[in-house]
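Take a look at the structures below.
In the two assemblies presented below, chain A is common to both, partnered first by chain B and then by chain C.
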Partner chain A sequence: MSLKELSSLEKALGLKKPNKYSTQGDRKVPVLQTINGQALVGLVTIATHLVQEAKRPELLGGSAEHKAVVQQWLEYRVTKVDGCHKEDIKTILKDLNSYLEDKVYLAGNQFTLADTLMYYGIHHVIVDLAVQEKEKYMNMTRWFDHVQHYPSVRHHLPPVVVLRNRVYTSGHH
Partner chain B sequence: MKLFVSDGNPHCVKVLAVLEFTGVKCDVKHVNHEERVVPYLSRPALPALLLPSGTHLFSPNSICQYLIELNGQESSDIVNQWLEWEATELQPAVMHALHMVVLQGKGAETPRVLQGPLSYLDQSLSQRTTLFLTAEMVSVADVVLWAALYPILSDSSLVSGNQTLQLWFERVGMLAACVSAAQTVLQGKGLKAESLKTYLQRQPTTHHGQGQVQGRGTQPCNSPEGDDDDCVLSEEEIQSAAVTWGKGLTDLPMVPERQHPILPQEGKRNVLVTSALPYVNNVPHLGNIIGCVLSADVFARYGRLRGWNVLYVCGTDEYGTATENKAREEGLTAQQICDKYHAVHASIYQWFQVDFDFFGRTTTKKQTEIAQNIFWRLHERGFLLEDIVEQLRCEACQRFLADRFVEGTCPFCSYPEARGDQCDKCGKLINAVELREPTCKVCSQTPVVQSSKHLFLDLPKLEAELEQWLERSTGSGDWTANAKQITRSWVRDGLKPRCITRDLKWGTPVPHPDFSDKVFYVWFDAPIGYLSITANYTDQWEKWWKNPQQVELYNFMAKDNVPFHSVVFPCSLLGAQDNYTLVNHLVATEYLNYEDTKFSKSRGVGVFGDMAKDTGIPSDVWRFYLLYLRPEGQDSAFSWVDMATKNNSELLNNLGNFINRAGMFVSKFFESCVPAMALQQEDKRLLAQVGWELKQYINLMDRVKIRDALKCILNISRHGNQYIQVNEPWKKIKGDETDRQRSGTVTGVSVNVACLLSVMLQPYMPTVSHTIRQQLNAPPSVTGTLLQGTGNFVCSLPAGHHIGTVSPLFQKLESEQIESLKKRFGGQQPKTTAQPDVNAQPATTPASDPAAQTAVNGADAERARELTLAVAEQAEKVRTLKGQKAEKTVIGAEVTKLLELKKQLSLAEGKDPEPVLTKGKKNAQPATTPASDPAAQTAVNGADAERARELTLAVAEQVTWGGNKCNELGIRGETMEV
Partner chain C sequence: MCVWAEGGRRYMVFEVFLKGTLFFPCEPDRGLVRVHELTPEKAGQLIWVRARIHTSRAKGKQCFLVLRQQQFNVQALVAVGERASKQMVKFAANINKESIVDVEAVVKKVEQTIESCSQQDVELHIERVGLSSALSDHTTDKQTDRHAHGGRTDGRATVNQDTRLDNRVIDLRTTTSQAIFRLQSGVCQLFRDTLTNKGFVEIQTPKIISAASEGGANVFTVSYFKTSAYLAQSPQLYKQMCICADFDKVFCVGPVFRAEDSNTHRHLTEFVGLDIELAFNYHYHEVIESITDTMVQIFKGLRDKFQTEIQTVGKQYPSEPFKFLEPTLRLEYSEGVAMLREAGVEMGDEEDLSTPNEKLLGRLVKEKYDTDFYVLDKYPLAVRPFYTMPDPNDKKYSNSYDMFMRGEEILSGAQRIHDAQLLTERAMHHNIDLEKIKSYIDSFRYGAPPHGGGGIGLERVCMLYLGLHNVRQTSMFPRDPKRLTP
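Showing the complex of A and B:
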């Protein structure tokens, strides 16, 4: 799963030479063998490394604050979203929804690696949501739709139709 | 920059260590584990770092990385890798291990859980030639990993081997930053820190699946009723429970009889409890009752049981426009209205057994004296400002018009029947003077705009002092999260001067000669009611209200009332500089809905205080269900079916069943005489379980978590039922001598648990509590002993004690009975019948098709689709007409059609048609003729009130503070009422 993500990320970053990955442990944590013989372990670590390799540091955030926010959501993806229990999914959706209420992307106004990996990680949840649920988590859905249409992000995943077109909103609220 | 940490939370060790290590300057604030610092996360997340930009960081590792980065160090791949490993691999294992060691006492099993990650770390370290994880120098990775391992590795007995790891751990641990962080958070005690245990107990049970990807369905899962997160008891806890039990009742003085007047006493905990003053002109509904008077009653009763010196005062809030209005409607004087409704309120609360020490009212001489005194003190100290306010005045009626007395054309959407504070059509808030073609609702004359001079409380001048006080009070007291949040947002937006006078007759007169025809604005006046009501109770009221050193003040209210109690009223008192007692604990509830809709007097939806007794359901059961539902932390909904379920399952089958069985065994098998008890391990275990729940109960109640504490009571009787079920005393009584003895022990222990329950129940169900104690013939000193300190579950009915006559406590609520009540109180809306039950939410099978969803709601999807199109067409038509500047009457007719279509659509979709709309239609008469039918009039006002409620909170956060926004009055009517 995470290997597909990494290969999509490579394409999105425009890296020419695809890397070779292996996995370790029960959780199939990705491992990247780098040129200098060092092995990098972990999805976030490798993805961060790839971004640097592609010379796209802006995807990791500009200021110290920005970087920390990006790191935080990357960590959230691998600790909270991955392997989450059914009963936690709603909390995650609710929290993301209220967080994204006044933001375009996870780190504010700028697209970052956090958006890409969160999108990959939460895709399977969104696919299964009913229309009503998507509307309930309107901000999160709006973000998701935005990211899936962001140039060259969506590679290995099918697009999700997220919003119902309303002919007329009931408009009392 | 501000860092929020909580004691005993091991994640906080990391960030504090890194903070000190980097030397970055930052405020550190210690908060409770439950404090929700990060507004968008539904569960508390600590530590959290609030950045100057307003951004929150809530991941400990990201906070550490950020601090390091501020210090000018970039993190490398290898540092990132260790941090990721820590978060995904090490942390889950450590938390699992801590849970086992600290809460379950299973230290021996920790190596199994931790072995994997520890040996991985050990190996990685041995392969390196550097002193630390990534270099010769300490990096953020070292500090983070050290801190994660600190609680575990500081106890050398837990994990052995891993020598390189041990050396590295000691090396990092020598850093001053690490030592002091461990000291701050865990008192340097590692695993043995009491605060760590408290922290772990509050954590939701972690899923120890080690990150396995679980089923990916998104079927909403029904969390099981009551989290039966059984505490796991250690051997010591079981033994100590048995020792406590053996102590029996002490000769501690009983809870003394109350002697009025109750006054603060030296050396006692003096607790002053107030409940928001209910507004007099209406009958309170269940939401009002649970929101303040009942919640405060439970806490006051609990405090008395604990032996605190409690005074609980409340009363009706009687001044203001709404009263004048009501008086006009009913053809009475304002005073007559107040007298009539004060009595109504008093009798309702009496039926609900709300045990006020004094229930007064605001229309008294004391109110005038105290309010005027505070006014003059504020005036003398320069905290009052004068300003001119423009208001509508009706010359025919000879008075200024409050918002709800004006109607006119909406300046925004030209709706002809907009009210003085708000337009029903476009929903915008309106300043009454902006209405086009305004008319007086009483006489239909056109009012004129007149300037009038008013007084304002200079809040900006008091802001600094207020903030200082808030910091102290919220830091040390038990403020609910919503109270803190609402207060914070008011203060953050900056305070503006606030008008304290009104051009009304029914109010406390302003004593200043320049303002002689004015009265105090009710928000200024009403909270002073707490003081004046106390003054009517005792001449020595100042011993409570001017005594912050000795008195602790608890204010109970619903959340819409928070700003008045946390910002505005404290400012009045601070400005008066008279050593007033200010609130220490502000306890605010969320809202209670009715069957997933709102309580509405005008639509006849919901149960109102005076109707509750007509249902034939006992007051205690009402109290129980309302408290079980108490909107603590989030809105909740009253539902008849659920009430029946809770009555039948919790009260009848669980609590009542246990208490009754315990008593029956004593009377049937042992001639009503408590048998001798020889405790075995299993019995001691029960004692420990019950003792633990009792401690939780006290812990929760002390912090005013009233609903959560009720769950402890139910847990105890659940344990008790299981205990009886497993031990089968009714069979053993027929067996040999050993069996009979066993039967005696189980019966004796059970009846003692029942006795404990009667005491714990007292705040919630006073009558039932009394009945149980009578049936068990319990000694009066039980109430005093069992709830002292952190709770003592002692044997209070020793062998040989004679009990009284036992009889069942609760009755079943039958479904026919409930159905008929539901019909009776459901209102006339067709939707109430179509509304699915709370328990039968269609959500269990998420319908992906919107049409299917509507069908589930029992409505016609096809019709809805047709109507949607029709509505769109009609809306377009209206827009076109408006665009062409067509005749007003023509547009009006088309608008009416549109509204009708929308209403039909709502019904077809199975939604509640917007109440305002319905009224709009009913009222579609020429705007100049006021509704002549008094019923229709009330309906309109009722709808207004409903609307105001919806908007109160939104408005509360952004109301223009200046008095020239007349819409404040409409809001106030609600805010003091709830």
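Showing the complex of A and C:
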């Protein structure tokens, strides 16, 4: 799963030469052997390295504060989202929904690595949501639709249909 | 026994065991005024009312009563004064709720609207009160209290559905139940009137039949002398036989029995079916138009003549008013599938609609066309019964249709095969034992006109029209896999 993400990320960043990854441990944490012998372990570590390689530092944030927010959401992705239980999914969606009420992107006013990795991370949940649930988490769905239409982000994942009009009005049913 | 309280004295009455006579002034030709007629126009008049005691509240020298009659209620007051004694006020306060009382009172106009009653501008000042039907000793006040007043979400006690259904007689007294079943009576009335005006003939079909009509799975078996018989799952066979008998346009209203072990909000084992069948001239769309026009006339009739009932139900179960288009919206099945796919649902061209997909499609149609009622035409042949006429232009589809209200199916209908040869072929294709349906196929051997029709469930239509959520609310004494009484 993480390996597919990383190869999509490479394409998204425009890196010409695909790297070879291996995994370690039960949880299949990705590992990258760099040229100078170092082994980079972990999705976020490798992703950050790729961003540096592609010379796109803005994807990690501009100011120190901005960088911190990006790191916070990357950490959220790896700790909370990956391998979480079914019951926690609702909480995560609710959290994201309330956070995104007044924001276009997860961190600051621009597209960052946080948006990409969070998109990859929750896609498998969103693709199964019913229309009514997507409307319930309106802000999160809006952000998701925005990210999935971003050029070159959505490589290995099928698009999720998001309706433009509200089908479930405030009444019951 | 009847007890009277009048003026300053209390009469003790001895029941005389002569049939029907009671030993005190009781004038049989005394006029009784209906509660819904108590309006400010009658202010100052001294009138008699017979109603049930809905609530009673005593406070010192006064007793406030709310008298209820079907969907209507009015406030009444007994106060110590020149017309009433302290004992009379005490007597009134002690009458059990739900007792039927005869009251002689003066109608008084009130300045402040009484929000909690249907008659909001008047109240009754009681001069005489008599108990004409008391509760028998073993019923508790609490029991009647819960049922007649229960189920509201405005902070009052709620009663769950099973309890209500077990004590249906008391539950049916509530203003909401009264309104629901009056509306249901209206639906039957409008159905009959509309069709009769269109030249239809009402027929009565047998319910004890020898062969299961819709397939053997969901049918009740009854013992029939030395053999067994079945309870009819639909009047399908007989409607068609009437068309073959040249009745041209028929309808019937009668019970339908489905032994389906489904415990859902919309299934009953016995319900009232309103069925239509008609021969058409050139195209089966004439049938669809006839049915949809009938439905529209019913909706209009309910909207115009039953507003009071709709509002009463809406107070306890709020919902959006039912919307429909004229002429009725008709979409093709493939269009419906396309709309669902656009919303992200994956399904095959010839796949049947699942219930969640039906509901979603209903939502999408509502959002796009602003209607709660529509027809889905040209269903895939593979998912329809054997007697459905295939589409002559595309063998994947059929001349069949479903109609939906608020996203739930209310009618499944089609053009029927009227040629014995084709019918036999289709039956064999469905692996149906031809012996069992021999008489059905034979009825088409003597020349049958092309025809089609469909049937609706009365309870489901009422439930969906009012925006209720359980078909048991619109069935007076519902039957389901777990309920056989009352």
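Methods note: the second predicted complex is superposed on the first by the 163 of 173 C-alpha atoms of A that agree within 3 Å, B and C clash if a C-alpha of one lies under 4 Å from a C-alpha of the other, contacts with A are read in each partner's own complex, and residues count from 1 in each chain.
Methods note: contacts are C-beta pairs under 8 Å (C-beta built on N, C-alpha and C of every residue); 3 or more make two chains touch, one makes a residue touch a chain.
All values derive from a computational prediction rather than experimental measurement.
Shared-chain residue A:V161: touches chain C; no touch with chain B.
Look at A:V104: by the touch rule set out above, it reaches neither chain B nor chain C. Once the two complexes are overlaid on the shared chain, A:V78 sits against chain B while remaining clear of chain C.
In the superposed model, A:A54 lies in contact with neither chain B nor chain C.
Contacts of A:A130 after superposition on the shared chain: both chain B and chain C are touched.
After overlaying the two complexes on the shared chain, residue contacts for A:M138 are found with neither chain B nor chain C.
Residues 130-131, 167-168, 172 of chain A are contacted both by chain B in one complex and by chain C in the other.
Chain contact summary for the complex, chain B toward chain A: residues 39-43, 51, 53, 55, 57-59, 61-63, 65-66, 69-70, 77-78, 80-81, 83-85, 87-88, 91, 207, 209-221, 223, 427, 846-850, 853, 868-869, 871-872, 875, 902, 905-906, 911, 914, 917. For chain A in complex with chain C, the touching residues are 130-131, 160-163, 165-169, 171-173. Residues of chain C that touch chain A in their complex: 319-320, 342-344, 356, 360, 363-364, 366-367, 406-407, 467.
Residue ranges on chain A touching chain B, taken from their complex, read 26-27, 29, 38, 40-45, 48-49, 64-65, 67-69, 71-72, 75-76, 78-79, 82-87, 89-91, 94-95, 98-99, 101, 124-125, 128-133, 164, 167-168, 170, 172.
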